[in-house]
Structure formats: structure tokens, C-alpha cells
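Quick one: the structure is below, questions incoming.
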Amino acid sequence: MGKIARRMELEACVAELVEPDSVVGLGGLHFHNMPMALVRELIRQEVPVGRLVPSIDGSIDADLLIGAGLVREVQVAYLGLETYGLAPRFRAAAEAGTVRVRDCEEAGFGLALAAGAAGLPFAALPAGFMPADEGLPSVPAVNRDDYREIENPFTGERHMLIQAINPDVALIHCQAIDAHGNCGFFGGSFLDVELAKSARICIVQVEREYEELPSACRRRLPGYAVDAYCVVEGGAHPGSSHGVYRHDDVHLRRYAQLARSDHGFERYRGEMIGVSEAEYAAASRLDDRIEALEAGPVG
Amino acid sequence: MGKIARRMELEACVAELVEPDSVVGLGGLHFHNMPMALVRELIRQEVPVGRLVPSIDGSIDADLLIGAGLVREVQVAYLGLETYGLAPRFRAAAEAGTVRVRDCEEAGFGLALAAGAAGLPFAALPAGFMPADEGLPSVPAVNRDDYREIENPFTGERHMLIQAINPDVALIHCQAIDAHGNCGFFGGSFLDVELAKSARICIVQVEREYEELPSACRRRLPGYAVDAYCVVEGGAHPGSSHGVYRHDDVHLRRYAQLARSDHGFERYRGEMIGVSEAEYAAASRLDDRIEALEAGPVG
Amino acid sequence: MNYSVAELMAVVLSRRLREGDVMVTGTNAGITCSAALVARACGRPRVRTIIGAFGTVDPTVELVPASGADQSFLPGRVVTDLISTLGDQVRGLADVICLGGLQVDRDGRVNLAVVGDYSRPDLRGPGTIGVSLIARLERTFLYFTEHDPRTFVERVDFVGAQGLRPGGRGLEVIVTPMAVLGPVEDGSRIDLVSIHAGFDFEQVQARTGFALDPSRAVVTEPPSEEELAALRGHPYGMSLATMTLG
Amino acid sequence: MNYSVAELMAVVLSRRLREGDVMVTGTNAGITCSAALVARACGRPRVRTIIGAFGTVDPTVELVPASGADQSFLPGRVVTDLISTLGDQVRGLADVICLGGLQVDRDGRVNLAVVGDYSRPDLRGPGTIGVSLIARLERTFLYFTEHDPRTFVERVDFVGAQGLRPGGRGLEVIVTPMAVLGPVEDGSRIDLVSIHAGFDFEQVQARTGFALDPSRAVVTEPPSEEELAALRGHPYGMSLATMTLG
């Protein structure tokens, strides 16, 4: 059914639309265009996540939720801080066995998300993709939830399928939205359009409202795929919001350092998450940082 | 392997790159952005086509090849003249049994082409898509080449797959190409990018060369997916070339009329195809028509 | 008040559009785009149109081109692309698909492929276009520029799509220059919904290849002033006043 | 002539690039983009680079950002999108994929997922990223900013990808700040290809967790004047002269 995007407050987006123990997808890639305001709000409202699905390359967004103890299971192609090293809370939780990991490989993850977005129950993997020999663990052998073998009915050969990804809720960050809920990305859109469509409920946090989408938009998500949106300037911080501000190197570096220990993470959490985005803005000196990190137009 | 696009003459593109009895895909949609110069050249060189695959909505491009008696089999979601009625030569050949028809439905056709482009052997169809009851003919029942049933290994339910489309050769029309073989579409690109990538050999006919692709391009096909190109101004006539000229209503109407009978079709063919595009240009008054049909910029 | 057949057809379809509907259309979309125009003006401002060939949402075209892939259809509020629009339809992000057909039968099956024997047809049509889409979308609107007995048949020769699905879902309305057809209350078959002013039951029955129920022969509600004003307030809506059908 | 380790690594990779190659890269792409720069200047002008996150072909960036998804990577000769670039790799329209790893073993397996037991790992890494792509692309280049014995192991704890495929296809070269590794002639295992000037066999063996063949310890051919000129003639190539690794 075509959706009608509702404008809501950040708090209400989470309180009304994210059920406890849902499958939650996170948009963006690495520390770019992450739905950080929504992630912080999930932590404030302590919403447990049944399965977290960071879109293809997860970062501090997923790491924070795992660190806050809210994630039972995480489906990953990549979860790390890229140029800032491993994801410390994911690492600690996976090593301690307190989060279940569903490893997918990158192409399969992309195909599974695209299948979910297109209303298909599964996708074919490339021919020749099979478990490793010699009994060493590998994808797909370690992930029987998402990978299954069939006989290719056209050739009789063995072939792997991957299950579609269809989160209950997708959390997306973008730069622009118009009066009809159509969303615009000034820079990369990664797998955000696919993630938005694959989810039952799509929540968008956006930098700014426009009467009509500006021509700077490189890609657009139609409003008929959006359930609700909230306007949060700086909502992708400490990551970048392409075309608006660059990622905050100082902040990310400090997180990567602090989150190596339990108490360091708790210190970050105590200082930064607060009770509202206004508190986050004050603690992170958001306005100053956003201004200092102002990004030129893309391209 | 990344391809290096070679600049060739129209005649050489067909003579050197289109093997007899190949599977040949045609780009464009209805009578827009059709690779007509390449189609006419196939007729001049009398290259038999093993299977013709007009991309989702075929038009006069496919009808001409069928009328010329060059097509053994045609794989169609739609083949007609849209606002000019049925495709007369396709109709006549299918009714006489001189062309074999492989009917696909539209979504399946798109999925099969996208799978072919992405290097996957087949695609899942939407759940619930099954042969019609009561033994009435239907897709997929009439097309066992492309549709097969499996047990969905995730649910145990019956499920249909469609085989990927991977033509031997794709014939594509576009508006712009740069020095690196990157192609640009000023208007619609339909399934042309998918078709180009799905084929083993991709041949592009282009209106004009540019040092760099102009910003008017709405979509781009990377040069690493292009084997050869030829520059043919007006090469999509009597169809449109989006952003350059509109379709030629007079010409198309006349074709639809003439092609209803065998001798009418032969008259069109005798008048129009000639021995070169120069003869086509003279017979169709191409320069005048292109000028008269000049299209404003798109959008 | 005077109105053309095309105007009446657009108004009939517009009344079926609900707030928030996303309607997919293409070839000969003058009537369907105008239906959305009327719906938006008459209390359902969030009705949206998608041109399937481009993924154009709410095209900003002045005059609707006949071809569904004409470049005039490119500008719009949002433009995606053909393949993602196909995906959106399969995913169920669109509500209504508008199509024509070669044959429709009383069980609501739609056929655009062949008339006669499949392997050696009497009439070979364009294909089976849209079948899996009809099967996935919640609602299908069919419209025809002629009311032809060869179109409305007892039983199709080929099932392009099972338009009418269990419970009366799927095929919702068929509009022609003479009448409106649609599923009966229990969704078991297609029958008359109404007959346009100027035609009577016998005329419609004579041009329909399956039996219609004469007790259902009410008159199609004519366009209201508001509906006509909405139509005529826009260039492409206005063009319907003089549109020739068939 | 003086050159930095990063410059040498870029030159080593550049020599593996063939005319027409399409190379996919992303995070920490300073070295790989520079390799393409050198190859293009040294007789293979049609070598192309794709930034995977965006589908940017031949990015026009001045300085290569560390992050593979930085917006500076967006402008380029052609920009498509992430999902079609994934498809292009699976389809075989790209030739080379450049990656790092947590572990590589002498059979050419690559692991980025876990060290230790999969279900309760000693070290949990980022994932299995790129595995099916390594399996599909003709050639894989691995590069590491440290030559660490924990990286080069006898046997990986998890098979992210079977980098080395039958017949020596697949994993073509591994470059580190100390040495070049790669498949032996019959493709049966990974061994030394060369050692960078300034290091000796014992040093490399001490930092490699599987046995290397000392008879293969030739010196890595240093960058030529032409190669260095190509590197230093462009802002991002120039940045390698002072790049700190590890």
C-alpha cells in the first residue's frame, strides 16, 4: 500500500513505531549518513532490538546499540569503525557471547536487501558460491538462517539462495524531504532506498524540509515508501551527512578509544546520550562542530 | 572482464560482432530509444536471429526483424506498436506459426534481465505467482524454457523461478558517449543498462560523441560494459531519441498501415531499408524529419 | 451539464481512488491521469500517479502524451526508474494498476496474449504484460475505449492474469464508453455496475459476450460540478472534453 | 632514488594492473588509487578504478580520503550506485578487487571474521565482507599496512574467501611494507615473491606465520623514475611520499 509520510517528533517516532524486539535496519554506510539521532533515541527509550541489521557496512550506530545491551542478534556483512579500527562494543559482546552474530557476505547481503525491497522472498547467489571445504567454518555454513541450498532447476547443479531481508523497521538518514514525504540524498545513498522499501515501517530523520526537493539531490526515495519522518539538524553526527557536514574525526576517534573498555563506554554514554537530542547537542557541542565540519556541495 | 569500447562503423558492428543465430536483445521501450540503425543493418546483412529479446516492450524494431523473416524465436513481455496498434508482422508470423513465441510476464522479464545483468543464473518470482487453474494456458505453464518450480527451502512452499536473460548481443541506442566509452541517456533509459550488462557483447549506437558526458545525462552506462559503438545521428528514427528528437508519428502510422499485408511490408522494406543508412536517410527524409521533430531538453 | 464520454470515464475511475492511493499507469493515460486529478481535487489530495516506464511520481506534464514512454512524462515530483518501479509494485507499495486488454471474462481473467488456440492463435496480441503485477497489486482498474463483444467473453483463451481474486479482491472496476462493470458483492464474478446515460441494458448486453444481470442496470452517476471543474481546471483534464475514443 | 614504503607498495600493485583492468577499491584507497595512476601513466591508459560504495568510476578526487564512503569520492567520470557496482562485480565486469584482512593463510584463504573458535572467538573482526566477490572476480590484490605474524597464518580460523583458486587464479598478489607474497608457479600455495630493499629473509620469515622458501628471496624491483614521476605528478600520488603506515 502506498504510504503517507507523517511528520512526527523524534521521540514519538521511536515510542510509537519501534516495537520492542523488532528487526531494525540501520541506513548509511560506515560513518556516513547514519541515523544517529534515532539510534540515540532507541538507547534513551531502552528499546530492545531482536535483530539489528546495519546496512552492509555498520559502524558506531550499531556499536552503540550493542554497547547499550539492547541487541540480541546482529546480521552483518561488515561491522567496524573502518579507519578507526574494529567496533569495540560489537567485538566485546561477540567475544563474550552476549550478542548472536549472523554473518552474511557482502554481495549476498546486498542481494538479500534488494530482494526484500522488491517483494521477493529470496535471491539467487552467484553460481559457485558454496561452503568452504575441509570443514573450516565459512559463510554459508555458519548461517543456516539466511542461506539454503537448492538444486538449480534449470541446470541440476547445486545452488545457494539467500533469504530476503525485510526488517520490521528501517531507520534512514537523509538531507532533504518535501511536503509529500519524498526524500532526497545529496551524496551517497548506499543501500538506503533498498533498506527503506524492504522494511514494513520506514522512519526517516532528515536535516531539513523543503517545499520541493532541491536539484542537489542525487537520489530520491518516494514518499509512498515512508511512514514517518522527524527533522533533526545534525542528526547524523558524529558521522557525516553528505553535502551538509563531514564526519567528526575528533569525536569518532574519542569514541573508538573510550569504547574499548566497559567503563569508557559507560562514560561516553553518560556524557553524550542524555535525555534528549538537545542534551546530545550540548554535550557534543553540535552546533560548533557542524559549522566547523561544513561540507561543500557534492560532486 | 572490464571491456574497452571500440569505435566502429555501423556495418562492421553487425558484420563482426553479431553471429548468425545469436540471442539478440533490443534496447529502448515502445518506439523510444530503439536501436533502429542496427536493426536495419541486421536486415541489410540478413543476419538470422536465433532468439530475439526486445526489452520489455518491443515495437517496430522487433516487428521489422520478424517481418524480414530473420527471427526464429522471440521472447516477449509485450510486442506491439502501442498507440499504433498491434505489431502486424509479429502478429502475422505468430498466427502462421513461422516464429516461435516465448511469453514472459512483465515483472518476470524485468527480474530475469536484472538477474542476467548482475551475473545471477535465475531470479525468484513474487510469491503466489503460479500457473492458472482449470488448465487454461497461462504463463508460466506455456513457457517451460524460462519458468521452473522449486520448493522454497525457507518455507517449504511451491515457488516459481525465472531463468536469467543473457543475450549473446545487446543492441542499445543512447544520446551521448565520451572518449572512454561511457554512455549517457538524456531521457528514459528503461532497462537498457540492465540489457547492456546482461549480454556477452554490448553494441551501442549513439547520436553524438562528447569529450565528457554532458550533465543532461539522466543515467549512465559505464564504458567497461560496452564492447563497440557506432555514431549514427538519427539512428533511433522513426522512434524518438529522448532529448534529441521525438518519434515520427507520420512514419510510424504509415508503417503500421503498410505492414498489415505482406506486400505492404515488402514495399516499406524496399523503399526504406536500402543498402545503407544513407539510403534510409534519403528515403525517410531523415534530416528534415529530425529537425521537425526536435525535442526540447528533458525535464 | 454536458460532458464527454472520456470525462465520464475519468470521473468513474476517480471515485474509486482512495486517499493515499498510488496508481500505476502508462499508455493512453489521459483518462487515468485525469482520474487522479479529480480525486485530488475532491478530497483525496494524496492520491499519487506513477508512470511505469520511468518511475515518474506525479508527472508535471501539461498534456498527457499517448505513449507511456514519451519523454514528456519524465519531469515529476520524483523520478526513480523502471526497474525500481516494478519492484515497488511487487513489494506492494503501489495500490492500483490501470490496464487495458484483449479479452476479459466473467470470472475476471484478463488476456492480452492470444485469441484462439495458444500454439496457433487466431489473433496474436502483444503479450502477457503485467500479469504478475495484477496478481500482486491490491486493485486493478481496466479501461477500454470501445465496448466490444470480442473483448468481454465468457472465458478467456489465455490467462494473462487472474484479475479477480478470492473475496472480490483484485479487479475492482472496468470502465468502457457504455458502462461500468465490476465484481458482484460476493466477488464471484463480473457483472454490471452501471450503464452510462444514453445507453440501455439491451445495448450493453448486445456488446458483452457474457450474460449480465438486468436488475443491476442503474444509471452511472454523472459527473458533479465539482468533478467537472476539477477536470477542466487543468490542461490535460480539459483535453478530455474533446477526446475521441476507440 | 628515495621512495617511501607506500610509494613502493603502490608501484608493486601498479605493475599487476593490465590494460583495460577495472579495479574495485574503497577504504584506505590512497595506495590502490595511486597504483592505477601509475599504471595509466606507464602504458596502460585504460586502467579504471571503481569506488565500491558509490559506483564512482575514476574518481576525480584531489586527495584520496581514508574512508571509502567519504563524499569526496563522489565526483568521477561516471557514477552509478552501490547495488549496480555489486552486480557488475558478480557479473565479471570488474577484474580486480583490492582488500585487506585479519588473516591470510598459505593456501590463500582470507579471513576478516574471527580469530579463534567461531562461536566464541578470541577476536571478533568486522565480518566476511567481499567473500563472494573475491570468489567471482578474476584477480584479488591484498594489501596490508603492517606485516604481522598474526595476519599470515598457517591456516585461517574462518574462511571468508578462498582467495586462491584452482590453477593459481584469484589471489594474485599480497603487498606489505616488508615484502610481496603471491601464489607459486603451480598455484598450489602462497609464498614469497620478493622482499623490499632494506629487509632480509629472516626478518620477513619472523613476521610470517607460515614457512617461506628462502630461495625465492629476491629484492623487490624499486620504482623506476617513470613510475615515481607518475606518482608524484598528482596530488594523491604525491601524498604517498609522506604517508605513515600501520
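Letters are used for the chains, namely A, B, C and D, taken in the order the chains are written, and counting of residues starts over at 1 for each.
Please note the rule applied: a contact is a pair of C-beta atoms (placed from the backbone, for glycine too) under 8 Å apart; a residue touches a chain by one contact, two chains touch by 3 or more.
If you're wondering where the values come from, they're calculated on a predicted model, not measured in any experiment.
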{"item": "Neighbouring chains shared between chain A and chain D, ordered by label", "value": "B"}
{"item": "Length of the line joining the C-alpha centres of chain A and chain C, rounded to whole Å", "value": "40"}
{"item": "For chain B paired with chain C, centre-to-centre distance based on mean C-alpha positions, whole Å", "value": "28"}
{"item": "Shared-contact residues (touching 2 or more other chains) in chain B", "value": "111, 118-120, 125-126"}
{"item": "Overlap residues in chain C, where contacts from two or more other chains coincide", "value": "79, 86, 90, 136"}
{"item": "Graph class of chain-chain contacts, one of line, ring, star, complete, other", "value": "other"}
{"item": "Interchain contacts (touch definition) - all pairs", "value": "A-B, A-C, A-D, B-C, B-D"}
{"item": "Touching residues (chain side chain D, partner chain B) in the complex", "value": "19-22, 46, 48, 57-58, 77-80, 84, 86-88, 90-95, 136, 138"}
{"item": "Chain A contact footprint on chain D (complex, rising order)", "value": "27-28, 53-54, 66-71, 74-75, 79, 81-83, 86, 89-90, 109, 112-114, 118-133, 135-136, 155-160, 162"}
{"item": "In the complex with chain A, residue positions of chain B that touch it", "value": "111, 115, 118-127, 148-155, 159, 161, 163"}
{"item": "Chain A residues touching chain D - in the complex, by the definition given at the top", "value": "29-32, 56-57, 76-80, 82-83, 86-87, 90-91, 94-95, 97, 101, 103-108, 110-111, 114, 125-126, 128-129, 132, 136-139, 142, 187-191, 194, 218-219, 240, 242-243, 246-247, 295, 298-299"}
{"item": "List of chain B residues in touch with chain D within their complex", "value": "1-4, 117-120, 178, 180, 182, 193, 197, 212-213, 220, 222-225"}
